[in-house]
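Labels run A, B, C and D following the written order; every chain starts at residue 1.
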Amino acid sequence: MAFVWSSRVRFVDTDASGRIHYTAMLKHFEYAEQEFFRSLGFRYTEPHALGYGFPRVHVECDFTSFVAYDDLMAIRVIVERVGRTSFTLAFDVKVEGRHVARGKIVIVCVDTATRQSRPFPAEFLTPLTQGKAASN
Amino acid sequence: MAFVWSSRVRFVDTDASGRIHYTAMLKHFEYAEQEFFRSLGFRYTEPHALGYGFPRVHVECDFTSFVAYDDLMAIRVIVERVGRTSFTLAFDVKVEGRHVARGKIVIVCVDTATRQSRPFPAEFLTPLTQGKAASN
Amino acid sequence: MAFVWSSRVRFVDTDASGRIHYTAMLKHFEYAEQEFFRSLGFRYTEPHALGYGFPRVHVECDFTSFVAYDDLMAIRVIVERVGRTSFTLAFDVKVEGRHVARGKIVIVCVDTATRQSRPFPAEFLTPLTQGKAASN
Amino acid sequence: MAFVWSSRVRFVDTDASGRIHYTAMLKHFEYAEQEFFRSLGFRYTEPHALGYGFPRVHVECDFTSFVAYDDLMAIRVIVERVGRTSFTLAFDVKVEGRHVARGKIVIVCVDTATRQSRPFPAEFLTPLTQGKAASN
(Lines give C-alpha, C1' and ligand atoms only; values in the text may rest on other atoms or scores of the structure.)
Protein backbone atom coordinates (compact mmCIF):
# COMPACT_ATOMS: atom_id res chain seq x y z
CA MET A 1 0.00 0.00 0.00
CA ALA A 2 1.45 3.32 -1.07
CA PHE A 3 2.45 5.91 1.46
CA VAL A 4 0.71 9.30 1.03
CA TRP A 5 1.62 12.36 3.09
CA SER A 6 -0.83 15.27 3.41
CA SER A 7 1.00 18.57 3.35
CA ARG A 8 -0.52 22.03 3.54
CA VAL A 9 0.76 24.90 1.34
CA ARG A 10 1.87 27.70 3.67
CA PHE A 11 1.90 31.43 2.99
CA VAL A 12 5.70 31.48 3.03
CA ASP A 13 5.57 28.83 0.27
CA THR A 14 3.88 31.27 -2.12
CA ASP A 15 5.40 34.07 -4.17
CA ALA A 16 4.14 37.26 -5.82
CA SER A 17 2.62 35.21 -8.66
CA GLY A 18 0.02 34.04 -6.12
CA ARG A 19 1.12 30.43 -6.62
CA ILE A 20 3.47 28.13 -4.75
CA HIS A 21 7.14 28.95 -5.40
CA TYR A 22 8.59 26.00 -7.28
CA THR A 23 11.34 25.37 -4.71
CA ALA A 24 8.65 25.07 -2.00
CA MET A 25 7.26 21.96 -3.72
CA LEU A 26 10.66 20.31 -3.23
CA LYS A 27 10.57 21.18 0.48
CA HIS A 28 7.26 19.36 0.73
CA PHE A 29 8.85 16.36 -1.00
CA GLU A 30 11.38 16.37 1.82
CA TYR A 31 8.67 16.47 4.50
CA ALA A 32 7.00 13.48 2.80
CA GLU A 33 10.31 11.60 2.61
CA GLN A 34 10.99 12.20 6.32
CA GLU A 35 7.52 10.91 7.28
CA PHE A 36 7.73 8.00 4.83
CA PHE A 37 10.86 6.68 6.53
CA ARG A 38 9.37 7.34 9.96
CA SER A 39 6.40 5.15 8.94
CA LEU A 40 8.96 2.41 8.17
CA GLY A 41 10.61 2.77 11.57
CA PHE A 42 13.62 4.75 10.40
CA ARG A 43 14.26 8.23 11.75
CA TYR A 44 16.86 10.37 10.01
CA THR A 45 18.90 11.89 12.78
CA GLU A 46 21.85 14.21 13.04
CA PRO A 47 24.41 13.06 10.41
CA HIS A 48 27.50 13.59 12.59
CA ALA A 49 26.00 11.28 15.21
CA LEU A 50 25.30 8.57 12.64
CA GLY A 51 28.58 8.85 10.78
CA TYR A 52 26.79 8.86 7.43
CA GLY A 53 24.48 11.17 5.53
CA PHE A 54 22.15 11.27 2.52
CA PRO A 55 23.00 14.06 0.09
CA ARG A 56 20.88 14.41 -3.02
CA VAL A 57 22.76 14.07 -6.31
CA HIS A 58 19.83 14.58 -8.66
CA VAL A 59 16.42 16.19 -8.44
CA GLU A 60 13.75 16.76 -11.05
CA CYS A 61 10.16 17.93 -10.96
CA ASP A 62 7.35 18.58 -13.43
CA PHE A 63 4.67 21.02 -12.42
CA THR A 64 1.43 20.03 -14.14
CA SER A 65 -1.15 22.35 -12.59
CA PHE A 66 -1.70 25.43 -10.43
CA VAL A 67 -1.02 25.13 -6.67
CA ALA A 68 -2.21 27.93 -4.39
CA TYR A 69 -1.97 29.02 -0.77
CA ASP A 70 -3.69 26.70 1.72
CA ASP A 71 -4.06 23.85 -0.77
CA LEU A 72 -3.79 20.47 0.92
CA MET A 73 -1.42 18.35 -1.17
CA ALA A 74 -1.53 14.55 -1.15
CA ILE A 75 2.08 13.48 -1.79
CA ARG A 76 2.56 9.84 -2.74
CA VAL A 77 6.08 8.51 -2.08
CA ILE A 78 7.45 5.60 -4.12
CA VAL A 79 10.82 3.85 -3.76
CA GLU A 80 11.58 3.51 -7.45
CA ARG A 81 15.06 1.99 -7.30
CA VAL A 82 17.43 0.63 -4.66
CA GLY A 83 21.08 0.39 -5.65
CA ARG A 84 24.13 -0.50 -3.58
CA THR A 85 24.99 3.06 -2.45
CA SER A 86 22.08 5.12 -3.83
CA PHE A 87 18.32 4.98 -4.24
CA THR A 88 15.62 6.85 -6.15
CA LEU A 89 12.44 8.22 -4.63
CA ALA A 90 9.52 9.28 -6.83
CA PHE A 91 6.78 11.68 -5.73
CA ASP A 92 3.33 12.17 -7.18
CA VAL A 93 1.22 15.07 -5.96
CA LYS A 94 -2.49 15.79 -6.16
CA VAL A 95 -4.76 18.51 -4.79
CA GLU A 96 -8.36 17.33 -4.38
CA GLY A 97 -7.76 14.60 -6.98
CA ARG A 98 -6.24 17.00 -9.53
CA HIS A 99 -2.65 16.12 -10.52
CA VAL A 100 -0.27 19.02 -9.81
CA ALA A 101 3.31 17.70 -9.76
CA ARG A 102 5.58 14.71 -10.10
CA GLY A 103 9.22 14.49 -9.12
CA LYS A 104 12.21 12.27 -8.59
CA ILE A 105 15.17 12.47 -6.24
CA VAL A 106 18.35 10.38 -6.31
CA ILE A 107 19.94 10.07 -2.87
CA VAL A 108 23.40 8.72 -2.11
CA CYS A 109 24.59 7.28 1.17
CA VAL A 110 27.92 8.88 2.09
CA ASP A 111 30.38 8.39 4.89
CA THR A 112 30.45 11.72 6.74
CA ALA A 113 34.18 11.53 7.46
CA THR A 114 35.46 10.57 4.00
CA ARG A 115 32.62 12.17 1.95
CA GLN A 116 32.70 9.01 -0.19
CA SER A 117 29.64 6.95 -1.07
CA ARG A 118 29.23 3.78 0.94
CA PRO A 119 26.76 0.82 1.01
CA PHE A 120 23.62 1.42 3.07
CA PRO A 121 23.96 0.46 6.73
CA ALA A 122 21.68 -2.43 7.74
CA GLU A 123 19.44 -0.22 9.89
CA PHE A 124 18.58 1.75 6.74
CA LEU A 125 18.62 -1.02 4.11
CA THR A 126 15.88 -2.96 5.88
CA PRO A 127 13.24 -0.17 5.93
CA LEU A 128 14.31 0.95 2.43
CA THR A 129 13.72 -2.56 1.05
CA GLN A 130 10.37 -2.75 2.84
CA GLY A 131 9.48 0.66 1.39
CA LYS A 132 10.33 -0.59 -2.10
CA ALA A 133 8.16 -3.68 -1.68
CA ALA A 134 5.27 -1.55 -0.39
CA SER A 135 5.56 0.78 -3.41
CA ASN A 136 4.73 -1.97 -5.89
CA MET B 1 29.95 35.96 -24.21
CA ALA B 2 28.31 33.90 -21.50
CA PHE B 3 26.66 35.55 -18.52
CA VAL B 4 28.06 34.46 -15.15
CA TRP B 5 26.52 35.52 -11.85
CA SER B 6 28.57 35.33 -8.62
CA SER B 7 26.41 34.23 -5.73
CA ARG B 8 27.48 33.68 -2.14
CA VAL B 9 26.23 30.68 -0.12
CA ARG B 10 24.48 32.05 2.98
CA PHE B 11 24.14 30.42 6.39
CA VAL B 12 20.39 30.02 5.90
CA ASP B 13 21.22 28.08 2.69
CA THR B 14 22.95 25.33 4.68
CA ASP B 15 21.43 22.47 6.66
CA ALA B 16 22.56 20.19 9.49
CA SER B 17 24.69 18.18 7.06
CA GLY B 18 27.01 21.21 6.95
CA ARG B 19 26.42 21.55 3.19
CA ILE B 20 24.08 23.68 1.10
CA HIS B 21 20.49 22.43 1.20
CA TYR B 22 19.67 21.23 -2.30
CA THR B 23 16.67 23.54 -2.66
CA ALA B 24 18.94 26.52 -1.91
CA MET B 25 20.91 25.84 -5.11
CA LEU B 26 17.68 26.36 -7.07
CA LYS B 27 17.13 29.69 -5.32
CA HIS B 28 20.56 30.79 -6.52
CA PHE B 29 19.57 29.72 -10.06
CA GLU B 30 16.67 32.15 -9.72
CA TYR B 31 18.94 35.00 -8.58
CA ALA B 32 21.17 34.33 -11.61
CA GLU B 33 18.15 34.27 -13.95
CA GLN B 34 16.87 37.59 -12.57
CA GLU B 35 20.28 39.23 -13.07
CA PHE B 36 20.76 37.62 -16.48
CA PHE B 37 17.58 39.24 -17.79
CA ARG B 38 18.48 42.53 -16.10
CA SER B 39 21.78 42.44 -18.03
CA LEU B 40 19.68 42.15 -21.22
CA GLY B 41 17.51 45.12 -20.25
CA PHE B 42 14.51 43.13 -19.09
CA ARG B 43 13.29 43.45 -15.54
CA TYR B 44 10.75 40.92 -14.27
CA THR B 45 8.16 42.97 -12.45
CA GLU B 46 4.96 42.25 -10.59
CA PRO B 47 2.97 39.76 -12.72
CA HIS B 48 -0.44 41.35 -12.13
CA ALA B 49 0.93 44.65 -13.47
CA LEU B 50 2.28 42.99 -16.61
CA GLY B 51 -0.71 40.75 -17.29
CA TYR B 52 1.54 37.75 -17.81
CA GLY B 53 3.84 35.56 -15.73
CA PHE B 54 6.55 32.94 -16.01
CA PRO B 55 5.76 29.77 -14.06
CA ARG B 56 8.27 26.94 -14.17
CA VAL B 57 6.93 23.67 -15.58
CA HIS B 58 10.09 21.63 -15.23
CA VAL B 59 13.24 21.79 -13.14
CA GLU B 60 16.18 19.45 -12.84
CA CYS B 61 19.56 19.63 -11.17
CA ASP B 62 22.61 17.42 -10.74
CA PHE B 63 24.83 18.04 -7.75
CA THR B 64 28.37 17.02 -8.65
CA SER B 65 30.42 18.18 -5.67
CA PHE B 66 30.30 19.51 -2.10
CA VAL B 67 29.13 23.13 -1.58
CA ALA B 68 29.65 24.71 1.83
CA TYR B 69 28.76 27.87 3.71
CA ASP B 70 30.35 31.06 2.35
CA ASP B 71 31.39 29.45 -0.94
CA LEU B 72 31.25 31.93 -3.81
CA MET B 73 29.48 30.22 -6.68
CA ALA B 74 30.00 31.24 -10.31
CA ILE B 75 26.67 30.50 -12.02
CA ARG B 76 26.74 30.49 -15.80
CA VAL B 77 23.34 31.06 -17.45
CA ILE B 78 22.62 29.71 -20.94
CA VAL B 79 19.44 30.12 -23.02
CA GLU B 80 19.26 26.60 -24.36
CA ARG B 81 15.99 26.74 -26.27
CA VAL B 82 13.44 29.35 -27.29
CA GLY B 83 10.02 28.05 -28.31
CA ARG B 84 6.82 29.93 -29.07
CA THR B 85 5.42 29.98 -25.53
CA SER B 86 8.24 28.44 -23.46
CA PHE B 87 12.02 28.52 -23.13
CA THR B 88 14.74 26.50 -21.42
CA LEU B 89 17.49 27.96 -19.27
CA ALA B 90 20.56 25.92 -18.36
CA PHE B 91 22.82 26.65 -15.40
CA ASP B 92 26.36 25.52 -14.78
CA VAL B 93 27.95 26.17 -11.38
CA LYS B 94 31.54 26.22 -10.21
CA VAL B 95 33.26 27.07 -6.93
CA GLU B 96 36.86 28.19 -7.46
CA GLY B 97 36.99 26.32 -10.77
CA ARG B 98 35.57 23.10 -9.31
CA HIS B 99 32.30 21.97 -10.92
CA VAL B 100 29.52 21.62 -8.31
CA ALA B 101 26.15 21.60 -10.09
CA ARG B 102 24.30 21.81 -13.39
CA GLY B 103 20.61 22.40 -13.89
CA LYS B 104 17.85 23.15 -16.32
CA ILE B 105 14.57 25.01 -15.99
CA VAL B 106 11.67 25.13 -18.47
CA ILE B 107 9.65 28.33 -18.16
CA VAL B 108 6.29 29.02 -19.77
CA CYS B 109 4.81 32.40 -20.52
CA VAL B 110 1.22 32.48 -19.26
CA ASP B 111 -1.57 35.02 -19.40
CA THR B 112 -2.28 35.93 -15.77
CA ALA B 113 -6.03 36.24 -16.32
CA THR B 114 -6.67 33.02 -18.27
CA ARG B 115 -3.76 30.98 -16.83
CA GLN B 116 -3.15 29.74 -20.39
CA SER B 117 0.21 29.76 -22.13
CA ARG B 118 0.69 32.56 -24.64
CA PRO B 119 3.42 33.67 -27.10
CA PHE B 120 6.14 35.84 -25.57
CA PRO B 121 5.38 39.57 -25.62
CA ALA B 122 7.79 41.55 -27.83
CA GLU B 123 9.44 43.30 -24.85
CA PHE B 124 10.52 39.86 -23.60
CA LEU B 125 11.18 38.07 -26.90
CA THR B 126 13.84 40.57 -27.92
CA PRO B 127 16.10 40.18 -24.85
CA LEU B 128 15.43 36.42 -24.80
CA THR B 129 16.61 36.09 -28.40
CA GLN B 130 19.66 38.23 -27.65
CA GLY B 131 20.37 36.03 -24.61
CA LYS B 132 20.17 32.93 -26.80
CA ALA B 133 22.61 34.40 -29.33
CA ALA B 134 25.02 35.40 -26.55
CA SER B 135 24.90 31.86 -25.09
CA ASN B 136 26.39 30.31 -28.22
CA MET C 1 -8.85 26.53 26.19
CA ALA C 2 -5.62 27.49 24.48
CA PHE C 3 -4.88 26.46 20.92
CA VAL C 4 -1.69 24.42 20.49
CA TRP C 5 -0.30 23.44 17.07
CA SER C 6 2.17 20.56 16.76
CA SER C 7 4.81 21.34 14.19
CA ARG C 8 7.74 19.17 13.17
CA VAL C 9 11.23 20.64 12.58
CA ARG C 10 12.23 19.77 9.01
CA PHE C 11 15.73 19.25 7.61
CA VAL C 12 15.44 22.40 5.52
CA ASP C 13 14.71 24.28 8.79
CA THR C 14 18.17 23.47 10.13
CA ASP C 15 21.50 25.10 9.33
CA ALA C 16 25.17 24.11 9.57
CA SER C 17 25.11 24.71 13.34
CA GLY C 18 22.98 21.55 13.58
CA ARG C 19 20.13 23.57 15.13
CA ILE C 20 17.00 25.15 13.69
CA HIS C 21 17.74 28.34 11.76
CA TYR C 22 16.17 31.18 13.70
CA THR C 23 14.03 32.37 10.78
CA ALA C 24 12.54 28.86 10.51
CA MET C 25 10.98 29.27 13.98
CA LEU C 26 9.05 32.27 12.63
CA LYS C 27 7.79 30.18 9.71
CA HIS C 28 6.39 27.69 12.22
CA PHE C 29 4.67 30.58 14.03
CA GLU C 30 2.96 31.32 10.72
CA TYR C 31 1.81 27.70 10.30
CA ALA C 32 0.37 27.84 13.84
CA GLU C 33 -1.37 31.16 13.10
CA GLN C 34 -2.91 29.77 9.90
CA GLU C 35 -4.24 26.69 11.76
CA PHE C 36 -5.37 28.74 14.75
CA PHE C 37 -7.65 30.85 12.55
CA ARG C 38 -8.83 27.75 10.69
CA SER C 39 -9.88 26.30 14.08
CA LEU C 40 -11.98 29.46 14.56
CA GLY C 41 -13.64 29.09 11.16
CA PHE C 42 -11.58 31.73 9.36
CA ARG C 43 -9.45 30.77 6.37
CA TYR C 44 -6.91 33.29 5.10
CA THR C 45 -7.30 33.29 1.36
CA GLU C 46 -5.75 35.10 -1.55
CA PRO C 47 -5.47 38.80 -0.54
CA HIS C 48 -6.49 40.22 -3.94
CA ALA C 49 -9.69 38.19 -3.80
CA LEU C 50 -10.56 39.50 -0.33
CA GLY C 51 -9.57 43.12 -0.96
CA TYR C 52 -7.61 43.25 2.26
CA GLY C 53 -4.47 41.71 3.70
CA PHE C 54 -2.58 41.21 6.94
CA PRO C 55 1.01 42.47 6.78
CA ARG C 56 3.16 42.12 9.89
CA VAL C 57 4.48 45.42 11.27
CA HIS C 58 6.42 43.98 14.21
CA VAL C 59 7.92 40.63 15.11
CA GLU C 60 10.03 39.55 18.06
CA CYS C 61 11.24 36.22 19.36
CA ASP C 62 13.34 34.91 22.26
CA PHE C 63 15.07 31.59 21.80
CA THR C 64 15.42 29.95 25.21
CA SER C 65 16.75 26.48 24.39
CA PHE C 66 18.22 24.24 21.69
CA VAL C 67 15.89 23.03 18.91
CA ALA C 68 17.09 20.25 16.61
CA TYR C 69 16.03 18.43 13.47
CA ASP C 70 12.89 16.30 13.83
CA ASP C 71 11.87 17.88 17.14
CA LEU C 72 8.10 18.08 17.50
CA MET C 73 7.27 21.59 18.70
CA ALA C 74 4.07 22.38 20.62
CA ILE C 75 3.23 25.97 19.63
CA ARG C 76 0.65 27.69 21.82
CA VAL C 77 -1.11 30.64 20.12
CA ILE C 78 -2.56 33.47 22.22
CA VAL C 79 -4.48 36.55 21.00
CA GLU C 80 -2.85 39.07 23.29
CA ARG C 81 -4.47 42.28 22.05
CA VAL C 82 -7.23 43.29 19.64
CA GLY C 83 -7.20 46.90 18.48
CA ARG C 84 -9.30 48.65 15.85
CA THR C 85 -7.00 47.98 12.87
CA SER C 86 -4.30 45.72 14.37
CA PHE C 87 -3.89 42.80 16.74
CA THR C 88 -1.06 41.04 18.59
CA LEU C 89 -0.48 37.30 18.58
CA ALA C 90 1.82 35.68 21.14
CA PHE C 91 3.46 32.28 20.69
CA ASP C 92 4.93 29.98 23.30
CA VAL C 93 6.89 26.93 22.17
CA LYS C 94 7.88 23.74 23.96
CA VAL C 95 9.62 20.53 22.89
CA GLU C 96 8.68 17.58 25.14
CA GLY C 97 7.77 19.99 27.94
CA ARG C 98 11.02 21.96 27.67
CA HIS C 99 10.53 25.66 26.85
CA VAL C 100 12.39 26.63 23.64
CA ALA C 101 10.96 29.94 22.35
CA ARG C 102 8.45 32.71 22.83
CA GLY C 103 7.46 35.33 20.32
CA LYS C 104 5.06 38.09 19.44
CA ILE C 105 3.72 39.39 16.13
CA VAL C 106 1.75 42.58 15.47
CA ILE C 107 -0.49 42.30 12.42
CA VAL C 108 -2.31 45.14 10.71
CA CYS C 109 -5.38 44.86 8.52
CA VAL C 110 -4.80 46.84 5.32
CA ASP C 111 -6.91 47.63 2.30
CA THR C 112 -5.13 45.99 -0.64
CA ALA C 113 -5.98 48.81 -3.07
CA THR C 114 -5.03 51.81 -0.91
CA ARG C 115 -2.36 50.05 1.24
CA GLN C 116 -3.86 51.93 4.23
CA SER C 117 -4.86 50.28 7.50
CA ARG C 118 -8.58 49.68 7.92
CA PRO C 119 -10.88 48.29 10.65
CA PHE C 120 -11.23 44.50 10.64
CA PRO C 121 -14.03 43.20 8.41
CA ALA C 122 -16.82 41.49 10.37
CA GLU C 123 -15.94 38.02 9.02
CA PHE C 124 -12.52 38.38 10.68
CA LEU C 125 -13.45 40.37 13.81
CA THR C 126 -15.79 37.67 15.04
CA PRO C 127 -13.26 34.78 15.06
CA LEU C 128 -10.53 37.13 16.31
CA THR C 129 -12.69 38.13 19.31
CA GLN C 130 -13.53 34.48 19.98
CA GLY C 131 -9.84 33.64 19.78
CA LYS C 132 -9.07 36.37 22.32
CA ALA C 133 -11.71 35.06 24.73
CA ALA C 134 -10.38 31.50 24.35
CA SER C 135 -6.83 32.69 25.10
CA ASN C 136 -7.73 33.86 28.62
CA MET D 1 31.88 55.12 8.89
CA ALA D 2 28.84 52.88 8.92
CA PHE D 3 28.76 49.64 6.95
CA VAL D 4 25.90 49.42 4.43
CA TRP D 5 25.15 46.25 2.47
CA SER D 6 23.09 46.41 -0.74
CA SER D 7 20.76 43.44 -1.00
CA ARG D 8 18.28 42.71 -3.76
CA VAL D 9 14.78 41.37 -3.00
CA ARG D 10 14.41 38.05 -4.84
CA PHE D 11 11.23 36.46 -6.19
CA VAL D 12 11.47 33.67 -3.63
CA ASP D 13 11.50 36.38 -0.93
CA THR D 14 7.99 37.51 -1.88
CA ASP D 15 4.65 35.94 -1.01
CA ALA D 16 1.12 36.02 -2.44
CA SER D 17 0.55 39.48 -0.92
CA GLY D 18 2.98 40.78 -3.59
CA ARG D 19 5.33 42.06 -0.87
CA ILE D 20 8.44 40.61 0.76
CA HIS D 21 7.63 37.84 3.25
CA TYR D 22 8.57 39.14 6.68
CA THR D 23 10.96 36.27 7.41
CA ALA D 24 12.88 37.10 4.20
CA MET D 25 13.87 40.49 5.66
CA LEU D 26 15.62 38.63 8.49
CA LYS D 27 17.50 36.52 5.96
CA HIS D 28 18.79 39.72 4.38
CA PHE D 29 19.89 40.89 7.85
CA GLU D 30 21.97 37.73 7.99
CA TYR D 31 23.57 38.40 4.59
CA ALA D 32 24.46 41.91 5.79
CA GLU D 33 25.90 40.54 9.05
CA GLN D 34 28.06 38.02 7.16
CA GLU D 35 29.42 40.74 4.86
CA PHE D 36 29.88 43.19 7.73
CA PHE D 37 32.20 40.79 9.55
CA ARG D 38 33.97 39.95 6.30
CA SER D 39 34.68 43.69 5.87
CA LEU D 40 36.32 43.55 9.33
CA GLY D 41 38.47 40.58 8.39
CA PHE D 42 36.42 37.94 10.18
CA ARG D 43 34.87 35.08 8.24
CA TYR D 44 32.26 32.93 9.99
CA THR D 45 33.23 29.38 9.15
CA GLU D 46 31.90 25.97 9.97
CA PRO D 47 31.07 25.98 13.73
CA HIS D 48 32.36 22.44 14.43
CA ALA D 49 35.74 23.40 12.98
CA LEU D 50 35.98 26.47 15.20
CA GLY D 51 34.66 24.84 18.37
CA TYR D 52 32.26 27.71 18.97
CA GLY D 53 29.12 29.10 17.37
CA PHE D 54 26.85 32.14 17.39
CA PRO D 55 23.21 31.26 18.03
CA ARG D 56 20.68 34.09 18.14
CA VAL D 57 18.81 34.42 21.44
CA HIS D 58 16.65 37.39 20.49
CA VAL D 59 15.42 38.96 17.28
CA GLU D 60 13.04 41.83 16.64
CA CYS D 61 12.02 43.80 13.58
CA ASP D 62 9.69 46.69 12.74
CA PHE D 63 8.43 46.92 9.19
CA THR D 64 7.78 50.58 8.40
CA SER D 65 6.98 50.54 4.69
CA PHE D 66 6.17 48.38 1.66
CA VAL D 67 9.02 46.30 0.16
CA ALA D 68 8.47 44.68 -3.24
CA TYR D 69 10.16 42.26 -5.60
CA ASP D 70 13.45 43.51 -7.10
CA ASP D 71 13.78 46.39 -4.62
CA LEU D 72 17.42 47.11 -3.80
CA MET D 73 17.67 47.43 -0.02
CA ALA D 74 20.45 49.43 1.66
CA ILE D 75 21.01 47.64 5.00
CA ARG D 76 23.04 49.57 7.55
CA VAL D 77 24.68 47.38 10.22
CA ILE D 78 25.49 48.81 13.67
CA VAL D 79 27.20 47.06 16.60
CA GLU D 80 25.00 48.40 19.34
CA ARG D 81 26.41 46.58 22.34
CA VAL D 82 29.36 44.30 23.13
CA GLY D 83 29.09 42.26 26.31
CA ARG D 84 31.34 39.52 27.66
CA THR D 85 29.59 36.58 25.96
CA SER D 86 26.96 38.29 23.77
CA PHE D 87 26.54 41.28 21.47
CA THR D 88 23.71 43.19 19.82
CA LEU D 89 23.54 44.10 16.15
CA ALA D 90 21.09 46.71 14.88
CA PHE D 91 19.92 46.98 11.27
CA ASP D 92 18.36 49.91 9.48
CA VAL D 93 16.94 49.41 6.00
CA LYS D 94 16.07 51.84 3.24
CA VAL D 95 14.88 51.46 -0.36
CA GLU D 96 15.80 54.49 -2.50
CA GLY D 97 16.02 56.65 0.63
CA ARG D 98 12.65 55.52 1.98
CA HIS D 99 12.82 53.82 5.40
CA VAL D 100 11.35 50.29 5.28
CA ALA D 101 12.56 48.35 8.34
CA ARG D 102 14.67 48.37 11.48
CA GLY D 103 15.72 45.38 13.53
CA LYS D 104 17.89 44.08 16.31
CA ILE D 105 19.54 40.73 16.93
CA VAL D 106 21.21 39.48 20.13
CA ILE D 107 23.88 36.89 19.45
CA VAL D 108 25.60 34.69 22.02
CA CYS D 109 28.97 33.02 21.68
CA VAL D 110 28.64 29.37 22.71
CA ASP D 111 31.07 26.51 23.07
CA THR D 112 29.92 23.90 20.53
CA ALA D 113 30.79 20.96 22.78
CA THR D 114 29.19 22.16 26.03
CA ARG D 115 26.45 24.36 24.49
CA GLN D 116 27.30 26.92 27.21
CA SER D 117 28.00 30.58 26.55
CA ARG D 118 31.67 31.56 26.62
CA PRO D 119 33.69 34.79 26.30
CA PHE D 120 34.45 35.80 22.70
CA PRO D 121 37.69 34.32 21.33
CA ALA D 122 40.34 36.95 20.56
CA GLU D 123 40.06 36.47 16.79
CA PHE D 124 36.42 37.57 17.04
CA LEU D 125 36.64 40.17 19.83
CA THR D 126 39.08 42.32 17.86
CA PRO D 127 36.92 42.79 14.73
CA LEU D 128 33.79 43.09 16.90
CA THR D 129 35.36 45.94 18.90
CA GLN D 130 36.50 47.61 15.68
CA GLY D 131 32.99 47.25 14.29
CA LYS D 132 31.55 48.88 17.42
CA ALA D 133 33.95 51.82 17.13
CA ALA D 134 33.11 52.24 13.43
CA SER D 135 29.36 52.26 14.25
CA ASN D 136 29.64 55.40 16.37
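FYI, a contact is a pair of C-beta atoms (placed from the backbone, for glycine too) under 8 Å apart; a residue touches a chain by one contact, two chains touch by 3 or more.
Remember, predicted model here, so these are calculated numbers, not experimental data.
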{"item": "Greatest separation from chain A - chain, by CA centre", "value": "D"}
{"item": "Rotation in the CA alignment of chain B with chain D, degrees, nearest 5", "value": "180"}
{"item": "Rounded Å distance between chain A and chain C, as computed from the means of their C-alpha atoms", "value": "27"}
{"item": "Centre distance in Å when chain C and chain D are each reduced to the mean of their C-alpha atoms", "value": "23"}
{"item": "Distance between chain centroids, defined by C-alpha means - chain A, chain D (Å)", "value": "32"}
{"item": "Sites on chain D at which at least two other chains make contact", "value": "11-12, 16, 18-19, 23, 27, 30, 46, 48, 68-69"}
{"item": "Contacting residues of chain A [partner chain D, same complex]", "value": "11-12, 14-19, 21, 23, 48, 68-69"}
{"item": "In the complex, chain A residues that touch chain C", "value": "8, 10-12, 18, 27, 30-31, 34, 43-46, 48, 68-70"}
{"item": "In the complex, chain B residues that touch chain A", "value": "16-19, 22-23, 26-27, 30, 46-47, 53, 55-64, 66, 115"}
